[in-house]
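Following are the structures in question.
Consider the two complexes below, in which chain A is the common component and chain B and chain C are the respective partners.
Our next item is the complex of A and B:
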């Protein structure tokens, strides 16, 4: 009996140990698989974010990581100076102007971009010949490096002899429109819409291809025309894609800095280049504070002040999505 | 046979095992680099690597030549990139040597980030301090003044930068337009009159490039103030003198006139090239005049048409002022105070500044050489070069002014906070959206904020 009981208890106690060992291996495997991403996030995402916040509270100028002594006078290295940079940024009209400029550009580029992308996707979804060719042509601007695109646009929009001015002149307009300097915002908007059209078009096209053909057939039987089908079937079923495009559009506009810099009239000064007020977006403002004036703390404070604004806008987009994004249930109206 | 073949194959286990050993060794090497280097016998790792950051002028041919003469030193050249340089400096791991300009040197010297080179200069066979022209004094700093104290570097080449180049095609048919001879005296008012006549008669899109399209505008203002015997900053560098300085106001008003008349290459009349060089060599020549130094001739030298139609003119002076023609760039090299290979870094520095590359540069007319002894190498084969040399010799005696750049202005690009403020407010001021008085005040406020921040850290 005693031997049998011992044997049973051995069986009983062995099972959980196996399970525990299996679970531990599973856990280890899990962490093993996610660790590349996790380490990447910690070292390339989280730590820079924390460092950025600490810099915003310091007088770090890119050169004073350590203290130094000159002529018997000791200068402390970078140190905590409180929230002064935040206060200064809040009272700086140029900071607010850069936010306003970013907002204005986002408000035009995102909707206009979506309209163009949907239009292109509809065109390609309408049984056009050589679909692959057109898809490639429209997608091409997306894969061209931004620097090449910018210089191409500068040539196209050149005041004297640029292709755009020639076309406008041929149509009876002025041949000498100073796009770079006189209309920098319009130029940037056109550039962004054109550059993002290819990818957006592909995403919308994929969304359209996934809409069941039966829905259109049923609509046709019910007498619906193309416009009605688009309004009542295509558009509602594309709202998840629309939501995605709005969010990614926000990300693109809020993180943009190369485009305004490259499209500025005079690139001679590199990162210190003068960027016209119409395209002096938030990132340019923060970047130039850091790179040109060496005011790392101020640039970092500006970035941190942008974070709650961006979170608020993202929250509004997500919560409003409940009202207009089709999710496959009765929520669709 | 088959057994032998099997032996030479990698099994999955052995492949993974050897791979792991390889990866481990690579990781250990990167983690314990210096320790590993010390542990490995000297014969295998005897080469010292020196990191040089420049814009490509330190050519592969120079590197090959240097390494062949110094087999124990290898050069790792990094293309200058402001963001990369900023990151390296901020992290406290700068390159061993880097190319820079005079205006940026004081900020590093003040913060002890440069290696004093006096002992190396004293021992050098290639560079003799007595042979150096005054422009190299820009690389000296005694804690209070630029131009005195230890040497932290030297210019690679330089030029009196207030001289003017003109495209003579723009003079044809312009009534009453006169240009000075190589040694003639002319004033800033004469320059304005000439520019205005050209603008009226020929309507060039860009009449005069001042201070590299304003990116060096603070240096230009300093040079023009020096001709009035004034400075942009007080001796303690604590602030900028603009609204409280009638001379500074006069200088900026003078420069502002060009922007208002759309004669310049500023943000309100931008040039797609960003500066006047390409405009001078373009087939039709799109820029009429540019206020650059002797070195600009080197930029044109490869283009026969451009050299034929261009001429170097002496530096203008203020009416009643004294003639000065300092260099505002003084491009050169410095060695990091944190270098772990000081001797090897100096060997590279010495080679580039006093060896074959220095002689090579002097022969190209790409700036005035740093050493007097290299003067006879300046190109002087065609009328364009002969005229350039005549002007240069006339300007040299007044080119020894050392402008006092502000060490409290921190920035790693060519553009300082002062120039950035100038460019920022200029378009609104030209359009009348802000008064000239506000324009000056805004530049002063932005500059002072940057100066105060730099003074404390």
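Our next item is the complex of A and C:
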């Protein structure tokens, strides 16, 4: 009896069980394949974020993680001090100034960069000959290491005989503009737009190539000129790419550490280098609070004030997409 | 639309438009393209011209300053204060240590997301996309803190760890690419008794060289140029060319520092050559990879 029941149940459950084990193996394979990334995210992404939050509530200064005794006097190690560092940051004009600088740079670099990228993509999409050659030229800055790019731009904007000053002098302006000290924001903006144009151009170009030719043909038959076609076909169908580029631009500008440092007038001091106020962006403020002043708690608190602001702006941009990103037809999404 | 029809139409359009206005429009187009290309390559050319000036001079002189100091490159290579070959070796090693695993683990994870049904997959995918929005500032300094605590400062372990944990953007790229793979490939492989990992290695990887090239160039160029991590994590002998060159070639080592602009530019040019060569070698595959992926919002 028992064996018969077993046999019957075995017969009945055999198929589902095999399917289940197939599903389980697939699940196992999936988690196996993504685990390197997942573990990396937990240990190199999540853990630092949590550590940063804990540090922002402490008086950690880089050296006092554990208590120590000097000359018979015992000093207590880093401990919880509440939200004092946050209060200090809110009342710190340098902190707000660095946020303002970051915002100003983002407000200029992102739109200007996108206009340049679309213009380049349009030029290359207009049936120009030697497409590959021009594409390579515009993409070139992407390949050059940032340190080398910074030196090239320092040579371009050199006060005594830089190319930019020669051109301005030739056009009748002053030949001796001190870009590094006097106009660091303009320099950084030129640098970022120049360096980021190539990749953005490729992304817009790919977007333009995916717009069906028939739409332009129909527009032409209806008597639309080039400008009208661009405004009524290209631009609306590119809005998803546009959104992608705006958000990417936000991430790029808010992740900027190297460029302001490397474009500062004198790089001898490494991470402690003096960065002019015009390019003293938030990241540099937090970096130098931690690396130069040694006030880890304060730097971490600044970061934790910056993050919600940044996420809020990103979210607003993202949800504003409902108003301007074209999603009329699944086909062109 | 067939290629022949497209060609016929293009020819027809060309016949139709060979008017003075067409010539003028074309002229304007090429003038703009050439002008922009000059602006984009300008800084590189200017840097190159600067690297050929006498070592103690500035950028001042005539645009092309004769005699051209070609031996500035040999000097930049042999300069005792910088030891270019040593740091070049470090840079090559660290770039490979991070880039090769990043490309492979990202491809593997992309394959996982594209080709496996599992509970929690979509949530994990959303999480992965969300991680790209985490500002670098939040993780950057605190990762340094963590490495400090587990004594990985002044070692190359961080680069290997970053390499092994892949890159969210690249995983997304691979996932999009593998989603469009014909699923018959999997079935055929599994009928032939291929396990999943073997399917990935023997079927997917060989068929994705173009997208592998895209990932290798983006990640490789990024790690080659990295300044901030090398500066933060490595000591003076272990570091890469980026921090070493960033402080410039000093004409007066040890004393009052006087940077030599031409020597520094020559060093920067030498530092630029390897990624440039890598890019040109990969270019054919790269163009194909970018077209086939097609970024879609």
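Definition applied: the second predicted complex is superposed on the first by the 312 of 333 C-alpha atoms of A that agree within 3 Å, B and C clash if a C-alpha of one lies under 4 Å from a C-alpha of the other, contacts with A are read in each partner's own complex, and residues count from 1 in each chain.
Simple rule for what comes next: a contact is a pair of C-beta atoms (placed from the backbone, for glycine too) under 8 Å apart; a residue touches a chain by one contact, two chains touch by 3 or more.
Treat the numbers as computed from the prediction; the structure is a model and nothing was measured.
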Subject >> Clash or fit, chain B versus chain C on superposed chain A >> reply: clash
Subject >> When both partners are placed on the shared chain, which of chain B and chain C touches more of chain A >> reply: C
Original post:
Between chain B (first) and chain C (second), which, if any, makes contact with A:87: first, second, both or neither?
Top reply: neither
**OP:** Have a look at where A:27 lands relative to chain B and chain C in the superposition and call it first, second, both or neither.
**Re:** second
**OP:** Kindly classify A:160 by the partners it touches after superposition: chain B alone (first), chain C alone (second), both, or neither?
**Re:** both
**OP:** Mind working out whether A:255 is in touch with chain B, chain C, both or neither, as first, second, both or neither?
**Re:** second
Subject >> Partner chain in contact with A:115 - chain B first, chain C second, else both or neither >> reply: neither
**OP:** Look at A:307 in the shared chain and tell me whether it touches chain B only, chain C only, both, or neither; answer first, second, both or neither.
**Re:** second
**OP:** Look at A:218 in the shared chain and tell me whether it touches chain B only, chain C only, both, or neither; answer first, second, both or neither.
**Re:** neither
**OP:** State whether A:271 touches chain B only (first), chain C only (second), both chains, or neither.
**Re:** both
**OP:** Indicate the residue numbers of chain A shared between its chain B interface and its chain C interface, in ascending order.
**Re:** 65, 158, 160, 267-268, 270-271, 290, 296
Original post:
Residues of chain C touching chain A in their complex?
Top reply: 1, 29-30, 32-33, 36-37, 39-44, 46-47, 50, 58-61, 105-106, 108-109, 111-113, 116-119, 121, 124, 127-128, 131-143, 145-146, 149, 161-162, 164-166, 168, 171, 196-197, 200, 217, 221, 224-225, 227-228, 231-232, 241-243, 245-248, 257, 261, 264-265, 268-269, 271-272, 275-276, 279, 283, 287, 290-291, 293-297
**OP:** Would you tell me which residues of chain A are touching chain C in their complex?
**Re:** 23, 26-27, 29-34, 36-41, 43-45, 47-49, 51-52, 55, 65, 120, 123-124, 126, 128, 132, 134-138, 140-153, 155-156, 158, 160-163, 194, 197-198, 202-203, 206-207, 209-210, 213, 239-241, 243-244, 247, 251, 254-255, 257-258, 261-262, 267-268, 270-271, 282-283, 286-287, 290, 296, 299-300, 303-304, 306-307, 310-311, 314, 325, 333
Subject >> Interfacial residue positions of chain A with respect to chain B in the complex >> reply: 59-66, 68-71, 75-78, 94, 154, 158, 160, 180-181, 264-272, 274, 276-277, 288, 290-296
**OP:** Give every residue of chain B touching chain A within the complex, in rising order.
**Re:** 82-83, 86, 89-92, 107-108, 110-113, 143-144, 205, 212-215, 265, 267-275, 409-417, 419-420, 423-424, 426-428, 446, 450, 453-454, 456-457
